[in-house]
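Look for chain A in each of the two complexes below; its partner is chain B in the first and chain C in the second.
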Partner chain A sequence: MSSGSGGRIAVHAFEDFLIGSIQVELSDAVAAQFRDDLLDAVHGSGARAVIIDASGLDVMDLHEFEHLRRTFRMAEIMGTRTFLVGLSPGIVAALVTLDADTDGLETALSVEHAIDLLHAEEDSFSEARMSTVAGEDDDVG
Partner chain B sequence: MAVSVDRIDMCAGLRATELMGLYRLADQDLARIRVYGETVLGRMDDYVSDFYAWLRTTPEFSRYFADPDKLQSVQQMQRQYWVDFFESNVNDAYIEKRRVVGEAHARIGLSLQSYFAAMNLSLALWTETYYDGQLSADEHGPTMLAIAKLMHLDTSLVVETFSRMVSKQLTEQSRAMMEMSTPVTALWQDILMLPVVGIIDSRRAQDIMAAMLAKIAETRSRVIILDISGVAVVDTAVANHLIKITKATRLMGCECTISGVSPAIAQTIVELGIDVGDVKTTATLQDSLVDAFKRTGTVLQDARGGRG
Partner chain C sequence: MSGSQEFRVRILGESDVAVAVMQAQRYSRSVGFNEAGCCRIATAVSELARNILKYADSGEIVFRPQLNPRHKGIEISALDNGPGIADLELALTDRYSTGKTLGLGLPGVRRLMDDFDVQTAPGQGTRVTIRKWL
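The block that comes next holds the complex of A and B.
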C-alpha cells in the first residue's frame, strides 16, 4: 500500500445505494478526497443509503475512524443513511479498546448484509401498501 | 521447558552472599559446620536407615517411594544433600542445588508439612543422636546454632521454590480454564451463542470478546446471544465489560443480546446506577432466541400446522 499518494476510494451507485470499498490506507489526503467524492455522489444521486466496505483494511486508527465518521455525518445531513460494513475483529477490538465513539453508527457484516437490512426495513414499511396490490409475486432482491 | 524458564527467573533472586547476610551466616559458622561434619558424616548409613525407618511410618511413603529403583536414587540424592550441607560451601551453585530440591518436591506434590517434619527429624538425628560429645562446651552452642542457621537457609530456599512452582501451576490452570470457558457455538443459521459461567474480570472479558469477534467473522452470523445466567456477580466493572463487548459485536455488524438477566442482576444494575444504554437484555435465553429469530427473519412452524 502506498502512503496515500495516488490512492482513491471509488464510489459506485447500485439500485438506490452508493457503495464504496476502502482498499487503501486512509491517509488524510485519501480521506479528504473520499469525502468530496462521496458527498458529490450523494448530491447527484439522491441515494437512500451509503454503504462503505472496510473489509479490505487490516488496521484503522482512531484518527482515521473519526475522519470517516465526520464524512458519514455530512452525508447524513444531506439526507442519506450510512453503513460501515466488514470491519475486521482486529479493528473492532482496537476501536473498542481506544474507546471510540460509535454511538449511532450503523454497521453490517458485509455489503450484502447491509442491503438485506435495508430491504427488510423497506418491506416492513411498505407491507401495508403491498398487501393492497394483490396478485403480483415479484421477487425483489 | 517451563521449569527451566522458572529457574532462570529465580536466579534473578537473591544470590549466595545476600542470603548468607540475611541468615547471619558468617564464614566462622560455616567452618564450625565443617568441623562438626567431619565427626558425624561417618554415620551417613545410620542416618539413611533411621530416616527411612521413620519415612515408612508416614502415609506418603507408599505413594512416592513404592518403586525400589526410585527409592535408591532418592537416597543417593539425599546422601549428596547432606555431604553438601556439611561441606558448607555456600555459593551460587549450592543455592541452585537447593532450589532444584524444592522443584523436585513441588513436582511430586509432597506436602510442606511432610518436608518440614523430615527436616526436623534430620536436625535431631544429626545434632543429637549422632553427636559423640567431643565438642568443647564453648564450641557446642555456636556449632548447633550455625547448623540451625544453614538449615533455615536451606529450608527457606526449598519452600520459596515450592510455593513459586505451586502458584505457577495455579496460574497455568486458571488460564487453561479461561480458554476452555469461551465456547462460542452456532445455535442456528446466523445465530451464535456464548454461555458465560463464573467470574468476568477484564482478562476474561477480553478473551470473551476476542472469541466472539473471531467466530462472527468466521460464520458471518448476524445475532449473538451472550447468556449470563451463570455469572456469579455483576457489578459496575462487569457491566462495563459487557457493554463493551456488545459495542464491539455491533461494530462488526452483529447484534448482541444479553440473556439470563436474573432479578438479582437487574436489581444490582439499577441500584448501582449503571447505564446499559441500548443493549438489548432479556430474562431468559428463550426470549433472546425468539428475538434473534425475528431479527434474522427465521420463522418456526409447528408440524401440526399452528405457528411456533
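The block that comes next holds the complex of A and C.
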C-alpha cells in the first residue's frame, strides 16, 4: 500500500474494526484517496465499525470536515458504524463556531475509548441475549 | 511604537492553503495565543484561503502580528483579485436569520475572531481583514 503523491491515510484491521489515523494534511487528493481506500476496506472486511483518529491534526476546517463526513456517510451506507476520535478542543470549538453539521456524528476521545465503547455494547448485547434464552428457567438469577 | 512586520503567503493552489494555515499557527503562537486561540485563527485563515481559491485566480494572506504590549494580537488580511462580492449583506447573513447563505462562510469566520471587516465591490476583488486580541 505505498503512497503515490503526498501521503495517504492508512487503514488497518483490528479485531472486527478498521482503524485509520490522519497524520497528513487533508488535501482534496488525500481525502479522495482515503474515501476510496476506506470503502474498499469496509467492503472487503465487513468490519462492524470504522474508527478514524484525528488526534494528529492541529486544524480542521469546514471543507475538510465535510469531506470526512461524506466519506463516513458512504461507509455507513455500506453497513458499518463510523467514529471520529481524538478531535482537539480547539478543532471542536472552531467547527461548532463555524456551524458544522455534527448531527449523527459518533465520536470518542480516543481510539481506545471507541473500542471500549464497542466492547461494552457487545457485552451487554450478549448478556441480554443470554438472559432472554435463560429466561424460561426458574432458578437462574 | 509601530515597526510592525508583515508576512505574506500567496494563494495560487491548494497546497498554499496548508502553508497559510501553518503560518497562521506559527505567528499566532509567537504572539502568545494558546492552542485553542491558534486553532481558531488558523481555521479562519483556512476558510479565507479556500475562498480565494474558489472565487479568484489568486490572492494572498497577509499576517500582521500586533506586538504592542498594551494591545497584543494578530491582524490578518485575505486579499484577492476575484469578482468581488455582489451582495455583501447576504454574504454576512447567517443561516439562522434567513435560512440561506452565500456559502462563503463569512459569518462563521466573523464568529471565530474578535474583529472582522470586508472591503469588496463587483469587479474589484475582495479584502477580508480579521483581528484577534490576547
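Brief remarks on what is shown
Here, the second predicted complex is superposed on the first by the 122 of 141 C-alpha atoms of A that agree within 3 Å, B and C clash if a C-alpha of one lies under 4 Å from a C-alpha of the other, contacts with A are read in each partner's own complex, and residues count from 1 in each chain.
By our rule, a contact is a pair of C-beta atoms (placed from the backbone, for glycine too) under 8 Å apart; a residue touches a chain by one contact, two chains touch by 3 or more.
Since we're looking at a predicted model, the values are computed, not measured.
The superposed arrangement places chain B and chain C next to each other on chain A without a clash.
In the superposed model, A:87 lies in contact with chain B only, and not with chain C.
By the touch criterion defined above, A:110 lies against chain B but remains apart from chain C after alignment on the C-alpha atoms of chain A.
By the touch criterion stated above, A:120 is placed in contact with chain B alone, chain C being left untouched. Judged by the touch definition given at the top, the superposed model places A:102 against chain B, while chain C stays out of reach. Smallest inter-chain Cα distance, chain B versus chain C, after superposition on the shared chain: 6 Å. In the superposition on chain A, the residues of chain A contacting both chain B and chain C are 88-89, 93, 95. Those residues of chain A that touch chain B in the shared complex are 84-89, 92-93, 95-96, 102, 105, 107-110, 113-114, 120. Put simply, chain B touches chain A in their complex at residues 209-210, 213-214, 216-217, 220-222, 244, 247-254, 297.
Residues of chain C that touch chain A in their complex: 14-15, 18, 21, 25, 35-40, 42-43, 46-47, 50, 94-95, 105, 107-109, 111-112. Against chain C, in their complex, chain A makes its touches with residues 25, 27-28, 58-63, 88-91, 93-95, 97-99.
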